[in-house]
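Sharing a structure below in structure tokens format, with a few things to ask.
Labels run A, B, C and D following the written order; every chain starts at residue 1.
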Amino acid sequence: MAWTREQMAARAAKELRDGFYVNLGIGIPTLVSNYIPEGMSVQLQSENGMLGMGPFPYEGEEDPDLINAGKQTVTELPTTSFFSSADSFAMVRGGHIDLSILGAMQVAENGDLANWMIPGKMVKGMGGAMDLVAGVKKVVVVMEHVAKGKDGSESPKLLKACDLPLTGTQVVDMVITDLGVFTIDKEGDGGMTLIELADGVTVDEIKARTEAAFKVAV
Amino acid sequence: MKKVHASAKEALAGVLRDGMTIMAGGFGLCGIPNVLIEAVKESGVKDLTVVSNNAGIDGAGLGLLLETRQIRKMISSYVGENKLFAQQYLAGELELEFNPQGTLAERIRAGGAGIPAFFTKTGVGTLIAEGKEVRNFDGHDYVMETGLFADVSLVHAWKGDTEGNLIYRKTARNFNPMMATASRMTIAQVEHLVEPGSLDPDHIITPGIYVKRMIHVPDVEKMIEKRTTRERPAA
Amino acid sequence: MKKVHASAKEALAGVLRDGMTIMAGGFGLCGIPNVLIEAVKESGVKDLTVVSNNAGIDGAGLGLLLETRQIRKMISSYVGENKLFAQQYLAGELELEFNPQGTLAERIRAGGAGIPAFFTKTGVGTLIAEGKEVRNFDGHDYVMETGLFADVSLVHAWKGDTEGNLIYRKTARNFNPMMATASRMTIAQVEHLVEPGSLDPDHIITPGIYVKRMIHVPDVEKMIEKRTTRERPAA
Amino acid sequence: MAWTREQMAARAAKELRDGFYVNLGIGIPTLVSNYIPEGMSVQLQSENGMLGMGPFPYEGEEDPDLINAGKQTVTELPTTSFFSSADSFAMVRGGHIDLSILGAMQVAENGDLANWMIPGKMVKGMGGAMDLVAGVKKVVVVMEHVAKGKDGSESPKLLKACDLPLTGTQVVDMVITDLGVFTIDKEGDGGMTLIELADGVTVDEIKARTEAAFKVAV
């Protein structure tokens, strides 16, 4: 009943606009590139230093000098340009990228985001996530609505306040989960609003599985 | 002023000492100065502070210097691909300073550009900003970050002329150009060594002024960390 | 998203308003967006603040906008070649903010890179530092300078593809690449307009993301300010 | 008796070393390039965005896209690279250039330099001078020993303290005039020292035409 990963990616793709420059995170966000509407010009940025990222190469055509920020082999397009990581993050931090779609561990109702560190576990580092959420014009989180423990227990990921260390404060504009879509008025005090339901999901079900307060406008 | 040296060992002669700070270019295993890193391993120099976006993987790149416990401290943005790193870190044998990737890149650029500090929005309100000055400009908070400058920078380039002018290839450029500017002793390994005049001066990314020594690595091994492919459409 | 426009007038349509801030690339008369400047003149927009290293010369470059008194304030490093400038300035008709050339270049780069302020050694202890914060880092004094961001940037490039990717030629590069990043509306005039894929992606200096509109100026006139030559050796 | 402009340039050229990267100002400093010793590799930087500056072009070969910081047409060399003005001044400010040779209106015995502005006269601007003196490793001033007024009167240019607005404080390492050569201990308190005399010039003559205090070590 809830959306699949593919459906979540397809929903995120509806935030794309013609002419957009977009950075996609690892995981479900990567799938969004499969749903760019025909005829729409969208250029993907990879924060290691590439604009105009193409699809994975055909087997045998992998180039070790051509990888994305997830360290996966990718390809060039006719629109591609390469630049240094300093120039790449100047682009990110300077507000030139229209849209960042990324995963999260927790999102708070004021737009706070946590997605890089669980205290007590090995810390891998934030990579470019803090720069992306601080710099990109619009930040869309795509994630499972709740976290599931090994014992099958559920804990909410949409919270009143994040308890994990933050990646950024008041940075998230939209959250797409397997249950629905929320907008966040990150700079005003409009809070969080549920604007869409996944097929067959009810507002009550979402309320039961969400800690954050939210308005309903479905 | 002969910049080209016959070997990595010769290029590093007289520049290494215990406790020094080394910058190493590359993102993941892409564009890393692997031949120079191996020579650092052979030298046995220790207690190093290493500035590098990542820490290599087990058995490759900076992973080599972790095996030999030559690194005391890493300044990085992401070290997730290295089990040895995790072990040493959790055992308290290795210091770690995380920087957001863009902040790391900009700190290195600033260090090379004579800028001791700058303000950025990245990390405001997070652990990264703790203990740092936060200041409001035009209604937004920014955290002050400082420039980074090393004793030695090791970089990898695609082509270089004997004057030290460098050109990079595709995403192997990454951190190499900034690191080339941010030390007193930048040493480059180049896949193609050419004569001055062979490179179009409009295409040069690192002007020769930044490169003090260089070596030619014509058959350098390049590894792929995550080989991802798609299926060929049926003919 | 069609970026290429048929004329400078069309490219500027809807973006000009009185009192706005415009950046104009170029050093002296080298690499200036002269066709776009002429269109700004034709538009009649006034009370402009113009960020440009120089102010053109009498009758050319930004000198055109001085003739028509469309400029209220210049932010520059050197304006020595323009008599009209001197007249208007001494008559109090023109405001002038001098920046050291490197500080100007860095302020523009910072503005485009999301850096609201940075510290530099340049100008410490001089008139330039008056009223600005001075801070000591590692025993040396540095002055804090702020980023610059404009409403419109006008740049000149050698080649551009229809995606807005730009390449510059020789010293005509100068302030153009930073200015391309430091406004909401960057408009480029390019001498050679090519299809995507024609430019080597390793050679592109300004990625297309920064360029919102562009025009093709195939036969643009280029002036030389100080023609200096040497004698040919006898054959 | 005093040195000519050419002799001053030749003396300044003795500060060049093999492998140096050097920025030359307008006027006498430009002439220094004629005195680079045979076989010595010296690359000239032009702060508008060029390293490896060649000589003036032959007539008919001038390129409007290829000028130096004095806006003069120049040429490329096999060693040349081009870059933006931001990258150029990153090079200057970052301390990567070995030597800057430039003119001056006044130099003080502590190394203060004034060369950009005379109050009450039209101000043309400092261009790159403030960045160069702040950033370059060694700063050598080449100038006439005294200023001559229209009425033939002389005023000293080597002063106890500059009275013109400064270009930089404690920045000058060496001053070469038509009468001799001085070093300045700009970071210590060693002050100014006369180390060479032009042919036929006496210490007493220099003392008479200099306001700054200086030691003599000729």
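Note that contacts are C-beta pairs under 8 Å (C-beta built on N, C-alpha and C of every residue); 3 or more make two chains touch, one makes a residue touch a chain.
Note that this is a predicted model, so its numbers are computed, not measured.
Considering the contact criterion stated above, the chains in touch with chain A and with chain D alike are B, C. The minimum number of touch steps separating chain A from chain C is 1. Among the other chains, A has the CA centre that is most remote from the centre of chain D. Centroids built from CA atoms put chain B at 28 Å from chain A. Chain C has its Cα centroid 32 Å from the Cα centroid of chain B.
Averaging C-alpha coordinates per chain places the centre of chain B 36 Å away from that of chain D.
In chain A, the residues that touch at least two other chains are 76, 82-83, 89-90, 92-93, 135. Looking at chain C, one finds that residues 106, 109, 113-115, 120-121, 168-170, 173, 201-202 touch two or more other chains.
Taken together, the touching pairs give a contact graph of some other shape, not a line, ring, star or complete one. Chain pairs that touch one another, listed by label: A-B, A-C, B-C, B-D, C-D.
Of all residues in chain C, only 106, 110, 113-121, 135, 137-138, 140, 142, 146, 167-170, 173, 200-203 touch chain B in the complex they form. The touching residues of chain A, counted against chain B in their complex, run 46-50, 55-59, 61-74, 76, 82-86, 88-90, 92-93, 112, 117, 122-131, 134-135, 165-169. Partner chain A is touched in their complex by these residues of chain C: 1, 109, 111-115, 161, 163, 165, 181, 195-197, 201-202, 204, 207-210. The touching residues of chain B, when paired with chain A in their complex, are 27-31, 53, 76-81, 86, 89-90, 96, 98, 100-103, 105-106, 108-109, 120-128, 158, 168-178, 205, 222-232.
Within the complex formed with chain C, the residues of chain A that make contact are 18-19, 21, 41, 43, 45, 51-52, 76-83, 89-97, 135.
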